[in-house]
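Data block below; observations after.
Residue numbering begins at 1 within each chain, and the chains themselves are lettered A, B and C in the order written.
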Amino acid sequence: MEFTVKQIATLLGGDVAGNDTLAITKLAKIEEGRPGDISFLSNLKYEPHLYTTQASAVIVDRSFQPRKPVGPALIFVENSYSAFTRLLEEYYQRVSFARVGVEQPAFAGEGAQFGEEVYRGAFSYVGRNCQIGHNVKIYPHAYIGDNVRIGDNTIINTGARILDNCIIGQYCVIHPNVVIGSEGFGFAPQSDGTYKTIPQLGNVILEDFVNIGSNTTIDCATMGSTIIRQGAKLDNLIQIGHNVEIGRNTVIAAQTGISGSTKIGDNCTIAGQVGFAGHLTIANGTKVGAQSGVGKNVTEEGTAINSSPAFGLKESMRSLAVFRRLPELERRLSNLEKKTDN
Amino acid sequence: MEFTVKQIATLLGGDVAGNDTLAITKLAKIEEGRPGDISFLSNLKYEPHLYTTQASAVIVDRSFQPRKPVGPALIFVENSYSAFTRLLEEYYQRVSFARVGVEQPAFAGEGAQFGEEVYRGAFSYVGRNCQIGHNVKIYPHAYIGDNVRIGDNTIINTGARILDNCIIGQYCVIHPNVVIGSEGFGFAPQSDGTYKTIPQLGNVILEDFVNIGSNTTIDCATMGSTIIRQGAKLDNLIQIGHNVEIGRNTVIAAQTGISGSTKIGDNCTIAGQVGFAGHLTIANGTKVGAQSGVGKNVTEEGTAINSSPAFGLKESMRSLAVFRRLPELERRLSNLEKKTDN
Amino acid sequence: MEFTVKQIATLLGGDVAGNDTLAITKLAKIEEGRPGDISFLSNLKYEPHLYTTQASAVIVDRSFQPRKPVGPALIFVENSYSAFTRLLEEYYQRVSFARVGVEQPAFAGEGAQFGEEVYRGAFSYVGRNCQIGHNVKIYPHAYIGDNVRIGDNTIINTGARILDNCIIGQYCVIHPNVVIGSEGFGFAPQSDGTYKTIPQLGNVILEDFVNIGSNTTIDCATMGSTIIRQGAKLDNLIQIGHNVEIGRNTVIAAQTGISGSTKIGDNCTIAGQVGFAGHLTIANGTKVGAQSGVGKNVTEEGTAINSSPAFGLKESMRSLAVFRRLPELERRLSNLEKKTDN
C-alpha cells in the first residue's frame, strides 16, 4: 500500500507545506516515525517530537504554526486527530481488501460461482455449487465446502474452514484457522458402554457484520442451524456448540465455550474463559464476568453475573471478598466456641 | 446426495402413495419442509403440518389415514419415527463417505500406499511410507507426515495435521484443524534461567472408533506413545499432553486440558473446561464437573468430582451453596461476637 | 534418519564390540528394543534385559563386562547415560532439520528471498518481500504473509499462519496451526448498539529461541508490536491479545489467555488455563497456579499467586481448605447461635 503525501492531503481535504511527492507506506506515532511513515500532531505536549521525527509527513491542525524548521512535509487540516483516525480507517480498509484475482493453483468445484473483485489465494479450495459474492477475499489454504453461500465484502482468512451448506453474510471477517460447520458433539450411549454417533446434518448461519476470531470453532446444528446474528463479535479460541444462537451485537471474549442449544440474547457482553451449560436461554444485555460458569437461564435483561457457578455480580464480589478471609473467619468461630464452652 | 422417493421407500421397506419419482436431497422437520425435503409424521399433534408442508415426501405409520388431501408423497412404514432415524443415519453415512478419488494437485511421498475407495482432496499431503487403509477420506489441506498408518473407514478432515509416525485406527473421525503428534511441552531449566528443549521422539496412537473434535491438540510422547483408546470421544479445542492415556469410551467435552503423563480410565465422563494436573491416575467411570481442576488421583471407580481444586461432587455442591451465603455468615458471626462480648 | 552402529560409535567417541555395520533408525528403552533400535544400559538393575533385548545396539559403560553372550552390538563409552542423552539430542536435531529443498507446488511472492538449506513443503505459501533466513523449515500448508522476516534455523510447522509484517527470530519453533499476527479484538461501541472495528495495523515480534505450541493464537498490536521475548516457551491453545509483552524465558502452559496490553515479566511460570485481564503489569519471576484469574498488577518479583480472582498462593491454599469445610462451619455457627439464644 503506497500513497504520495499529495494523495493523502487530497483524501483529507488538507493543504501541504513541503515535499508532497514523498511516498508514504505506514502510519506511526510521531516519536516513532521513520522515513515513509505519516504521523500526526494534535496535543502540543508532543510538539518537540515534530522537530526531531524522521517521519516523511505529519498531519497538523490548520491553526498550528511551527516555531522551528521541520523535516517532514506538513499536511494542514481542520482537526488533525480525527483526520489521522480517518486515514487509519481508510488505510485499514484498503489493506484488508487489496488482494484481487486468482493465484494459481486454486481449486473451484463444479458449479461454483464468483462475484467481481474476488481474491482466491493459492491453494484455496471452493467446493461445488458455492455462491461467492462480490469483493470476497478467500486467502490461501482457506477451505470452503460444497453448497456454501458467502455474501459480499466478506474476508475468509488463511486456513479458515467453512464446511458444507453453511451460509456466511456480508461484511463478515473470518480469521485464520476458524472452523465453521464441523460436526457437533453428539453421541448416544449404548448398553455396552460404547457411544453411537448422532448424525449431524444441519448447518451454521452467520448473518452480516459478524467477526470470528482465530482458531474459534462453531459446530453445525444436528438439524436446522446454529446461528450467529448480525453484528456479533467473537474473539479467538471460542467454542460454539451445535444449535446455539448468539444474538445481535453480542461480544464474546477469547476461550469462552457455549454448550449445545443455548441461546444468548442481543447486546450481551461475555468476558473470556466463560463456560455455558447447554439448553440455556440468556436474556438480552446480560454481562458475564471472566471465567464464570453459567448453569442457569438468565431471564431479566441487563443482568450482570459472575463466578462459577455464576450468580449476581455484586453478590459474587461480596462472597469472593469473604472467601479471602475464610481462615480468619474460622479462627473467630473457634474462639467463640471456646468462650461459649466456658 | 440425491435419491428418489421410490429409492428411499425401498430402503425403508415402505409403500408409496403419490409421486415416487420426486428427487429428495435433504431431511427436515415437517413444519420446515421445502421442495426436495423428506420429513416424517409420528406424533399426531403435528398432523396439521402435513396438509401445509412443502416437503416432497413424508414418512408416516402404516396405520395413518389422512383426513384431507396431501401435497407430498407419503411413504407408509411400520414405525415412521424409527424409519426416519434409520434414514438419517443412512444419509449421514453416505454423505460422510461420498467423496472418492484424487483431486489434483495432491501430494504423496515416496512409498506411500493407499487402499481402495480412498479420497485424497486437492492440496492434501501424505508423507513418505504412509499406509492408508480402504475407504479413508483425506480432505483438502489435510497433512499426514511420514510413516503414518491410518486404518480403514477413517475420515481425516480439512486442515487436520497427523505428524510423523502416528498410528490412527479404523472408523476414526478427525475433525478440521486437529493437530495429532506435535511436540510435547518439555523444557529443562538451565542454570542461567533459559530452557533447553527435551527431545520429543514418541508418537500418538488412536485406537478404533475414536472421534477428535476441531482444533484439538494431542501431543506426542517424549518416548513411547500418547494413547487414545477405542471408542473415546473428544470434543473441540481440547489439549492432551505428552504420554497421556485416555481410556475406552471416555467422553471429554470442549476446552478441557490434560497435562503430561496423566492416565484417564475407561468410560469416564469429563465436562468442558476441566483441567488435569500431570502424572495423575483417574479410575474408570469417573465423572468430572465443568471447569473443575483435578490435582489428585481418583482411585475409586465411579467417583463424581467437581470444583477447583476438585473434590466430591455432593460435598462441593454443599460448599458452593454456602459460598453464596458467605456475607450473611460473616454478619451472623459478627453478631454473635457482639453478643458474647456483652 | 538412518545411521550405522559405527557412525554412532564415532559420534560418541566409543568402541564397538559386535557388528558395527548394522543400520540404526530409532532409539528405544532396552526392554522395548526391536531390530533397528539402539538402547542403553546404565543402571545394572536392567542388565537382564541386555540378554533378551532385540535392539540392534546397546550403549554401555566402559567398565561393564557382560556375564553372558549378548545379541546386540555393544558401544563402550565413558558414561552410557549421558552418551544416550547426547544421541537423543543429536538425533532430534537431525530429524528436526532433515528436510531441505522445495516440494512442488510451493508459492513464493514477488521479492521473497530465501537463505541456504531452506525447506519449502508442498502447498506452502510465502508472500511478497519476505526474508527467510538460512536453514529455515517451512512445512506444507504453512502460510507466511507479505513482508515477514524469519531468522535462521527456525521451524514453521504445517498449517502455521504468520501474517503480514511479523518478525520471527532465530531458532524459533512454531508448531502446527499456530496463528501469529491476526487482528486483535478491538471494537468501539456505537450509539445504536453496534460495534465498529478499530483498525489493527501493528505486528507481532518473536525474539530468538521462542517456542509456540499448536493452535496458539497471538494477535498483532493495534499499533506497534505484540512482543514475545527471547527464550519464552508457550504451550498449545494459548491466547495472546494485542500489544501484550511476554518476558524472557517465561513459560506458559496450555489454554492460558492473556488480554490486550498486559506485560508479563521475565522468568515467570504460568500454569494452564490461567486468565489475565488487560493492561496489567506482572513482575519478573511471578508464578501463577493453574486456572487462576489474574485481575491486578503483580509488583513484587518472585510472587506466587493462585485462585480466581488470584491472590497469594499460601493464603489461597488456606482459604480453599476452609472452603471444603464450609457446610461444617455453617453448622458450627448455627449451633453457637442456638446456645447463645438460650
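Some observations on this one:
By definition in this document, a residue touches a chain if its C-beta (ideal position, glycine included) is under 8 Å from a C-beta of that chain, and two chains touch if they have at least 3 such contacts.
Being a predicted model, the structure only gives us computed values, none of them experimental.
Residue numbering at the subunit B/subunit C interface overlaps only partly, since under half of the positions present are found in both copies. Superposing subunit A on subunit B by their CA atoms means rotating through 120 degrees, a value rounded to the nearest 5. Annotation: 26 Å between the Cα-based centres of subunit B and subunit C.
Touching two or more other chains at once are residues 105, 123, 141, 159, 177, 215, 237, 255, 273, 291, 308, 323, 325-326, 329, 333, 336, 340 of subunit A. Contact residues of subunit B toward subunit A in the complex are 26-29, 32, 88-89, 91-92, 95, 103, 105, 121-123, 139-141, 157-159, 173, 175-177, 209, 211, 213-215, 231, 233, 235-237, 248-249, 251, 253-255, 266-267, 272-273, 290-291, 308, 320, 323-327, 329-330, 333, 336-337, 340. Interface of subunit B with subunit C (complex): residues 105, 107, 123, 125, 141, 143, 145, 159, 161, 163, 177, 179, 182-183, 185, 187, 193-195, 197, 199-201, 215, 217, 219, 223-224, 237, 239, 241, 255, 257, 259, 273, 275, 277, 291, 293, 295, 308-309, 311, 315, 318-319, 321-323, 325-326, 329, 332-333, 336, 339-340.
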